[in-house]
Amino acid sequence: MTSTHPRSAFESVDLLKAYRQVRAHSMALAAPLSAEDHCIQSMPDASPTKWHLAHTTWFFEAVLLDHHAEGYQAMDRRFHYLFNSYYEALGPRHPRPQRGLLTRPSLDEVLAYRRHVDAAVETLLSSADSQALGRIEPVLTLGLNHEQQHQELLLTDILHAFSCNPLLPAYRAPSAPALRLAGAPPSLAWLEHPGGMAAIGHDGEGFAFDNEGPRHAVLLQPFAISDRLVTCGEFAQFIADGGYEQARWWLSDGWAAVQSNGWRHPSYWLPPDDPRLALSGHHGTAGWHVFGLEGVRPMQADAPVAQLSFYEAAAYAEWAGARLPTEAEWEVAATTLPGFCQAEGAVWQWTRSSYDPYPGFRPLPGVAAEYNGKFMVGQLVLRGGSVATPVGHARPTYRNFFPPAARWQFSGLRLAKDL
Amino acid sequence: MTSTHPRSAFESVDLLKAYRQVRAHSMALAAPLSAEDHCIQSMPDASPTKWHLAHTTWFFEAVLLDHHAEGYQAMDRRFHYLFNSYYEALGPRHPRPQRGLLTRPSLDEVLAYRRHVDAAVETLLSSADSQALGRIEPVLTLGLNHEQQHQELLLTDILHAFSCNPLLPAYRAPSAPALRLAGAPPSLAWLEHPGGMAAIGHDGEGFAFDNEGPRHAVLLQPFAISDRLVTCGEFAQFIADGGYEQARWWLSDGWAAVQSNGWRHPSYWLPPDDPRLALSGHHGTAGWHVFGLEGVRPMQADAPVAQLSFYEAAAYAEWAGARLPTEAEWEVAATTLPGFCQAEGAVWQWTRSSYDPYPGFRPLPGVAAEYNGKFMVGQLVLRGGSVATPVGHARPTYRNFFPPAARWQFSGLRLAKDL
Amino acid sequence: MTSTHPRSAFESVDLLKAYRQVRAHSMALAAPLSAEDHCIQSMPDASPTKWHLAHTTWFFEAVLLDHHAEGYQAMDRRFHYLFNSYYEALGPRHPRPQRGLLTRPSLDEVLAYRRHVDAAVETLLSSADSQALGRIEPVLTLGLNHEQQHQELLLTDILHAFSCNPLLPAYRAPSAPALRLAGAPPSLAWLEHPGGMAAIGHDGEGFAFDNEGPRHAVLLQPFAISDRLVTCGEFAQFIADGGYEQARWWLSDGWAAVQSNGWRHPSYWLPPDDPRLALSGHHGTAGWHVFGLEGVRPMQADAPVAQLSFYEAAAYAEWAGARLPTEAEWEVAATTLPGFCQAEGAVWQWTRSSYDPYPGFRPLPGVAAEYNGKFMVGQLVLRGGSVATPVGHARPTYRNFFPPAARWQFSGLRLAKDL
Amino acid sequence: MTSTHPRSAFESVDLLKAYRQVRAHSMALAAPLSAEDHCIQSMPDASPTKWHLAHTTWFFEAVLLDHHAEGYQAMDRRFHYLFNSYYEALGPRHPRPQRGLLTRPSLDEVLAYRRHVDAAVETLLSSADSQALGRIEPVLTLGLNHEQQHQELLLTDILHAFSCNPLLPAYRAPSAPALRLAGAPPSLAWLEHPGGMAAIGHDGEGFAFDNEGPRHAVLLQPFAISDRLVTCGEFAQFIADGGYEQARWWLSDGWAAVQSNGWRHPSYWLPPDDPRLALSGHHGTAGWHVFGLEGVRPMQADAPVAQLSFYEAAAYAEWAGARLPTEAEWEVAATTLPGFCQAEGAVWQWTRSSYDPYPGFRPLPGVAAEYNGKFMVGQLVLRGGSVATPVGHARPTYRNFFPPAARWQFSGLRLAKDL
């Protein structure tokens, strides 16, 4: 949230339009789901759809309305306890692993809560003068970007929930292949960079999260980076070559995860003998199948491999005689090297960079201090953006992050090597 | 299931009436619940309402229709995998702790499944001749008793789920005090029995589960048993006397459970400083509150204490200078001693008897062999029946059973002592 | 401890002789072990040898010397915290699962502690008059029987520890086959009992633990019981017949234990492809091997099968078309039926009786109240005695008990059936 | 292991002297310990002393003797299975958490193993010509540095084991205050660095581990770093100020660790009411005590705080209005800023750098490939060296690493801040 920069004029019309658009998109994403689907939590790391809808609404209430909308009356103050996610400064909250236990408030009540807050925000915006808008705009913008982050999680979380159902239901009807993206060249090419001084991080124009700054100089060694993502077909070769059975390709923690969890392939892949193939109506098929938003489908060899943990991405890179790029290499390559494809819109791309603070980083003051900084340990940076990322949300400086064993995101990889 | 006894005539009309009544009662119990409520599983030991509705239906399909209804077409054969509970002989099944992940099939589909099976059962009954009815009746009766057992679990399971919601929602609107039962004398009296030979167990008239037989002789020592159940008010004295802080009253495993779980009172009791009292709108109240089907209510001193584990029941009895009755003492007293109140309709009553097989017990042949016998280790017998038990379901020979740490049933106690 | 019965005269000479004998036997059992062996705790349920040596000594200090030896000075009062096992009334104590962390006090210090207490006991006995001896004798006798119980545990615990060492070391040099007991007939015969009234439990002559009384009448159905124990050869047939792969033979909890623990054979059996066979020098052998006090040895077909859980014993009985005897059946048969072999000296014999209190049982007053009564839930009764039981320790009324999954005792089975 | 650099001449005399010195130091460190102490493993992350003695010996056998000593005969080939630590390429091995179960081989056998290998190494060295020495020297040097690493772990592991004993025994007799190091100024001063280009990493002279290279340029922002370590007295102020009770100072994972583990102070600190103070003979004392190699001693206010997790170090820095230095800042400051005290010899110093590979890092070929590289995820870098680090072992480029929750090392912190 570096967005308190000067700007010629704040216009409530544009803010309102953006607000309506983002809020409507959440509703559209939830539309295919039943009330039961809305309530499920399939693991502690995932949240119910209903919770996402309520929490993003609470965020506007807690950081915007309670401070900027005089006389605002909450619909139900108990929601403050239920829908606070992790803001210690805002008091105790419902335990994360038990979000799926909240059958009440009902979906209808949560939708009424959204309408209640939406009305208050609209009133606030329409009545705010230019000075007030200057105060409101950064908070509202943060809230919208926050909701967009949850839009992606809403999809990955419900997909995980459906993956736990032996019927493997489809979130939406199959369409044209979703992941076969324009511009993905069939054969991998290496893009070279001579190294040297470069700058990474957000430069202060437009919105960015606090963890993307300050922009700062970095020193790069000469490197090469692949022009496109690793595909399912390529990853299947890694499997066929015994990739999951040989410790030599794996980091120690990764190998331990393979052993203790029995990993044999990416999270949502189904081998031909998977009993769920019969249950979900895919009898007598050969080859890999992959579960996704459109249900179970035959593996597409040229689609980017997804739902990988960092461990699997790093092991694949090792097997391929390469490595993962650092986040600085990724950002410099994505912004300066012609031919760099699939930067966004396919899968998030694991980097070989731990999620450490940038030089000079300090968390924001106030409640938003807990937004990013306190998570800067034990995670790895992913760059890019995925099919589930709302259009316009990501940027080349964007730092996504997950623990190395996380496997339920649209997460894949791009290769790099030293020159 | 000792019900293959001779009978003058089987009448499909009576069977049909019973079938409709039991099936309708399940629907009535589920009626106050939303689709989200139907889907929740709050712990591995509990099941979602929707699952209860589907599983009891599957039971009729698997043991009745598949064997007795020629040409029966299942609505969806995948349900066999989803809704088998624990019958190893019927093949693999969905893991019990993951029943709450089944947002699909939807509640609507499960209700359609019920109608599908109901129609087939009705057709079967209306077309069966007397000989066929003779074969059908025991299976159907077992299925109905089975569904009645799940009716009680449906209530205790949803109550547990609601108890995990900090809003502590009410299953139904408060009515007249539900547990203040007629016939419960205010002061406890001891009913005496001289001991000697007696017979317990089902005698072969009417339906009974296999674990209730064979009826057999037992030898009793002279004993006394209390005429009524231990009340909330009495149990509150145990708490006030430091009952949960002194090892001396507890079995070793019970004391370990107290320590590791932080037990300080019965499962659904709320002390005055419980933060959920404020969240559920009970500000500024003193004394204990108790959560139940009608939400949070002030403790009623003369209501039977419920939601006790065996460990707590045994510790209370020890503190009270008494003991729990054996199941034989309970059964003999309930059937022969005048003044024995609250045998049924209030709470199940923990006995000091482990759930061992009766002399001569053999599991039933066929699928139903897994109904009771394989659970005969590590559990304690409860006798009586509770407010959640369907009317007419229990009998004095009924052997209910739960592990000693189970706390989510309507389970309390009655005292006994040696003479 | 029902031993406060009248007796013509207490003689300190006999008591002293018994004391010296029992204490010396503990030292003899520990003799083959190194200081390191003395200190190891291979699971929370087992205790280090050194701890057994110290705890049994502490018992004499805490229940005998502190109350009966005027002016007794403890060697080190910190031992009270370290070596109390589970007596809540005697204050806080070192956590059971962490007994193996006590490298200090050293073995030498523990041996000095034994000598210190032995000297005090000897002084006490030599200076006590007849009246004092009358008070001392029951306590001392309890202490000696207590130490004998730990002598058996000392062996089973160190055997478990050695079983966790891939070298599978031998506790003692191989001798003549230890478990091929005289009197075990090669072919199994059924001994019949007509049922009816019988009495079980200790009758008050000589020492017995409190849980063996009161002696009381029981009613038995007609039954048959096998004249000898189930052998390794017979159990191998159960395995070969797929016993560990078929749910039908197992209690539900037992089948869950098989699945989650990967049980495929008794605890200390080694299949021919076990890699530890090579490590322990048994190359190129066929057939089962069994690990025991004398290390790894080829399975002896006619030796009693041991190291069984209750679940495995019950599953075998089911497979064999029989059942386990109740503890009453066992006791009556052992004491009245001619031809009843292997009652003692081979393996403890699982019964189909949960460890419930006898009618009229009340725990002893004082510290010893915690000796037996508080463990009377969640366990099963074993009868008989094993190769590890000190000679003269067991009796036909003896009630040994363990949880149903326990597998590290010399525990096997004898069959029974209804007539 | 960058040590295959050219060198004028290899002398077996110097190598032999170094070998003997390092090997003798291990024995000296183990000397105060009993056989029981040698065998204990107090948590999966720690190893028994005996195992350290055997594993370091096995390392010479597996990487040196087996490849370079023609005709070498192992004393016992089973030790290869028992004492391999984590080298997947060398085959299966005894599970790490079960190292404490190896009472056999005995300490005496392990000491014989050391002598066996020592003799073979001495023979090898004395018979090697210059060319052979050129091949041997890098391997031997790696083995010696490897053993030195285990010398530090031997101390921290036995200290952890003793910390689990309620008697809190001392590893050695108290001497002059061990941690009050010369040169530690009483008041903290900030050393400033203007930032800019700098080089870090090992430069190829002398031995270094592979993870210290390649040496490479880094860009630094202007920063200040404290001239000395944070002291116990300062840390006590953090505690007194409620540092362990306020989420605001903590990273999210750190706060979760505080909550779930009940952390209230550094790992080996004892508040005045700790019951172990009485057990270990420190009655009636006020203020903090600290457990260490010399047992329980009153906290020394000016001694460096130790046994901190990364989480605690980072929380302290946040509370102090500062931050942890990056590893590059630390290395540049330690090597260029006058007045930088306590670089080595006191405690390892947590940095704000995740343990990622340096640019251009590739693991070594051969078995040693598993030495460092495979652990480069999920850990934080510590710099410096501690009282437990063998003299001459560490260097300014040395990268020590532990998971962020590790608390059993001599680990503290030094502050930094942006300029």
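Lettered A, B, C and D in written order, each chain numbered from 1.
In this text, contacts are C-beta pairs under 8 Å (C-beta built on N, C-alpha and C of every residue); 3 or more make two chains touch, one makes a residue touch a chain.
Worth saying up front: this structure is predicted, and the values here are computed from it rather than measured.
Common partners of subunit A and subunit B, by the touch rule above, are absent.
Here the chain-to-chain distance from subunit B to subunit D, counted in touching steps, is 2.
Each chain gets a centre from the mean of its Cα atoms; for subunit A and subunit D, those two points are 37 Å apart.
Distance from the subunit A centre to the subunit C centre is 58 Å, each centre being the mean of its Cα atoms. The distance from the centre of subunit C to the centre of subunit D, each centre being the mean of the chain's C-alpha atoms, comes to 45 Å. Contacts with at least two other chains are made by no residue of subunit D.
Going by the touch rule set out above, the chain pairs that meet are A-B, A-D, B-C, C-D. Interface residues of subunit A facing subunit D in the complex, by the touch rule stated above, are 86, 88-89, 197, 216-221, 247-248, 250-255, 310-311, 314, 326, 352-357, 359-360, 370, 374-378, 380, 404, 418. Interface of subunit B with subunit A (complex): residues 34-40, 42, 50, 78, 81-82, 92, 94, 98, 100-107, 161-162, 164-167, 169, 275, 279.
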